[in-house]
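Below, subunit A partners subunit B and then partners subunit C, in two separate complexes.
The block that comes next holds the complex of A and B.
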């Protein structure tokens, strides 16, 4: 098997204790870096303007979704082009469950009027259930075959979004009711903290951070534990995994469900940030973006998913913001290469180049740099 | 009944075009075991070249250049990208083709913009009337051209040394290489053939009654994926049957959509995928695909 798909921590021979012990014993530089990063992330809403906060929130939502698809594609080797569908289920599920019914909202759309936190949880479960419905196929097909089969989800999703007008609002989409958690409403009603006005972006920032941290830790637990070993075994050698007692079909279906729940969560967060959901967004381009994220970041690891999500989702924002200063890129509608297109060129090329030159993605580069800095003789990550 | 016959004939014609695309897809898969997600963009490339050139050099030369262009793009993708990854995991290669697809589609849709490009075909909107049934000339031409190309391809596949080499490579790449089959050349040929077939399909996907080549054409081309997979990815027969099945379903679903109004508008575009899911539920390897057996 190629080492492209090998996980970052995947030196299989190392016993468990030997791997975790040095981390415990050396709370030095690494812990400091994490602490500094945490402080920085917590402090950012006090300094950044709304544009950057929103960009950051998109990146967080993308990171959550990318962790999900990395569990499926990176760790288990099952390709999915249907991730956008599950994002849509999450986003629209939340709107329908939380929207006020009875037409008092004025848009005349169906809404169950549930408490918003409950609606958010149920929307994630709904995405999981949708993934479960697909499990007869998700459990049986492997790799790229599943990728083609999941194309169907995108088109079914688009069809429903455009046609189920009462639920989704059709072409124009529908408004997203703001989340209300423990009496705190995540909308633009002003709340001043330390002389900084807190709007929806600032409040959601902390929610996004919490969700991302929770999602990342959970996925790390899954990957490092027994299920993760089983998933990697399925990816690397399906038959051997089956012989060793891994229920291959059940695992594939279960990972598919888990991955769609991550997508659902990302969808809910995206909906809250956008404050309006439109069907066009959840097309095939979005699914391709998610695949690009995990390839660029690094297949099969949580940190890879996060790194790739940051890269792919911040790139268009950066290009839009600085399109005046960049050569070749021009503002949308002026005939040159629009920022959105420029970023698509870049990440499309990045996908091809990363697999060619940096197998393992951005996180592998980081790992290599780190090991060089520590002067450890011999790269701990085996080269091909 | 007349409507049904018309829809059926239209469906068969459309299906033969899908079969053409699916065939290219299957050829690449058999030669290299790579699932080529960039196939729709190859098609778009061929159509675009034809659309741009037809006013200057006439339709037929433009079509030939378009076919050659798409074949060249396919070969270039193989030579510049896929060849560098030989020996890598096949699912990683599939993702690489997604990257290629992002690049090509972005470039082509940027060039096409919001325009609808005519391909300058000689058939126009002429309609042939046979008793109660009327059929567009373009549909007849599509069926004939696709049938001709598919027959020619299958004969080549069966009787020429290139075809034998390709089948040998599909059977066992290692053995084929030991027997002197040049795998690089086989896969280069597969990509070029697939590109050429896709360019012909592009012509027939964009002629009357469709308005012309536009951004959404690549979405229409995606319907060949379900065609290929429901027939079985490694089976040329499967590609033909799958293509026809998809074409007929789409045509019927579009034709009778007023009777199926409760399912919403645009059902025709969805039908291929529903058929695919239905088939995969019963036969995960597709209708004609070889079930994978492993000896341990």
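The block that comes next holds the complex of A and C.
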């Protein structure tokens, strides 16, 4: 490696570490893998049914939300049970801001009628603001204490969602206005691209990819930079971090706000995919699912959050879809395990298996495989 | 330096993408929409292929409505089995595809999306929030007939989503009418209403509010959550308010608790519930005697233990097919929904149009459907429930299904004059 470096335009004297990129070669295997993945992801809407695209979109939204909670819980060690609340703020916030109010054909619910793209941005900021309001508490509490405090948010949120009829539509929820971006409307009006009809799922797929990529890169930037080190320091030893000059309370509050904004963004995307927001969805189970995602995927890293989100949100959908074909399943009414139950058992077993046999989460597997395949000394292990 | 390799990879990727997207199977082959014609000159569309008609069932067998979902689904499977044995509909066999969403919105929407392209319609879709969630799609593009197993008045008004029987608000009006006619409740009295947060309870409470206005009653509302099982606080509050009767729109457990606690405290008022607020298993509990004394249930059709030929045959067949499962009114609801759907298919077949649109139109022409459970259903007006009649039942250990009829199917004057959602 060093001879390659020497031929480079040269930083005379102090040779750079071997970690800097190898130069003037064919694209490395990693680049090709990424490229292939990108092709695959971009081409999928041309092939897959709406069911699969929708499943993928649920997973993307979950991934964005999981990145948010991983910043908070994984990287900073702050337990939050209230993630579903901020998702709801994003989802309902978007509906309220973009809804056309009591106008013609409206559902009589409060709506400000803002341009939908602006509503989406504001909904994310609103979720951040909601997190900010909670930050005096988030900055002071830690661990299980914060977990309990955020649990309250869920109950308050559910109560408001069910009872603030004019704002949320109550138990039946409210319609989500389709997003309109640069003249392109993300609804079911068909747009034919290369002879393939594009409905809402196909269009939203690309939006979801873009949002997820942006969100992932930003979070990676945060984690790899100064704030990330401060966050990890707070997680690992709060007092030491304080002694080193990290403003602990301020950091905790800030991370809480950032994580809420990620949740808000996930909420907006979910609302667009669902086309209707219903309060049942934003319950305690959803919060627990997000915690499961980051534990299964790997605490503290972006890739872990994404991997966990894919696992947790896709597996139940797949198991339900293929429930008829699962082993040991009997037809309903014959006394055996019903398909729906079987898929739940399998899901539970998979979660336990991952936690038990893959401490460190799914990303550890990837990291181990990689280091086995390429014995490159000093190759940085997957980012934390 | 790194950028060149990245750029190369990106360029390669882009080229591959262009090549790939050129040969998609999803590409439209031009004009596939119009529907095809089968041998008998019957037009068919989505969900009909070869000699089978596929129908979707979206149910809940693992979530909060598991008992109901199981009964409804098994009844429908039994119906379809018998129907196919007799030769099916219009020469087609019926095939049900069941998906259990466990009362989870994400799974429900996913299951609808999965089944929708392959089925003609849905003889069962449990959970009104989820029906509402896909309503835009049903009305906008899919246009398949959906028979929800949910009786919230907010579902009315769609040509493709048709509620079977009376909605909860109408049922509650009939229930209060029964209290006034037979149980001595009169103008100026207070009645209590304990109801679930959510579609069911809030639809029911619309009915009691309407009735209160019409008949000069005062309603004392007690909203509860499905997780609240102990009704002691509610009973105390209602007793303090001095109510003369109580309406409960909750689950069987809450009803048993309410009736039991009231009886134990010597609070001797008539209590009436909606049809979901009772299950025959309750009679074996401690609350059993109190339930048989003071409790009534309003139901959109005769109970499973009704004294009609069809009901007796259903009981016998269902017991033979599912010996271990209890007989409740979910069986009737599922059976009726399957029968209505089949009737619509027959009608559509007679009109030579078995497309989704044809089935929807065929249902509109059914105006006096009765399959032996005492209530005539009229589907000609999408804005109204298919019937405004309710039967008043009383728990009774001695009868199959645990309930006997105390008032025959009847739509009260107030219910007839009432327009849901107005």
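Basically, the second predicted complex is superposed on the first by the 314 of 384 C-alpha atoms of A that agree within 3 Å, B and C clash if a C-alpha of one lies under 4 Å from a C-alpha of the other, contacts with A are read in each partner's own complex, and residues count from 1 in each chain.
Convention: a residue touches a chain if its C-beta (ideal position, glycine included) is under 8 Å from a C-beta of that chain, and two chains touch if they have at least 3 such contacts.
Computed from a predicted model, the values in this text were never measured in an experiment.
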Query: Touching A:144 in the superposition: subunit B (first), subunit C (second), both, neither?
result: first
Query: Once the shared chain is lined up, is A:100 touching subunit B (first), subunit C (second), both, or neither of them?
result: neither
Message: Contact-wise, after the overlay, does A:162 reach subunit B, subunit C, both or neither (first, second, both, neither)?
response: both
Task: Return first, second, both or neither, reflecting whether A:32 touches subunit B, subunit C, both chains, or no partner chain.
output: second
Field: subunit B versus subunit C as contact partner of A:292, first or second or both or neither
entry: first
- request: Give one of first, second, both or neither to describe whether A:341 is in contact with subunit B, with subunit C, with both, or with none.
  value: both
- line: subunit A residues contacting subunit B in one complex and subunit C in the other 162-163, 338, 341, 344
- request: Within their complex, state which residues of subunit A touch subunit B.
  value: 1-2, 4-5, 73, 77, 79, 136-137, 140-141, 143-145, 147-149, 151-152, 155-156, 159-160, 162-164, 239-240, 243, 284, 288, 291-292, 295, 299, 337-338, 341, 344-345, 347-352, 355-356
Touch list for subunit B against partner subunit A, complex: 35, 37, 81, 84-85, 87-92, 94-96, 98-103, 106-107, 110, 219, 222, 225-226, 228-229, 233, 263-267, 269-270, 273-274, 276-277, 280-281, 284, 294, 296
Field: Contact set on subunit A toward subunit C in their complex
entry: 21, 23-28, 31-32, 34-36, 38-39, 42-43, 46-51, 54-55, 58, 162-163, 170-173, 175, 188, 192, 194-197, 274-276, 278-281, 313, 316-317, 320-321, 323, 332-333, 335, 338-341, 344
Message: Quick check on the complex: what are the subunit C residues that touch subunit A?
response: 1-2, 4-6, 8-10, 12-13, 16-17, 20-22, 24-28, 61-62, 70, 73-74, 77, 98-107, 109-111, 113-114, 116-117, 128-130, 132-137, 140-141, 152, 154, 197-199, 202, 321-322, 324-325
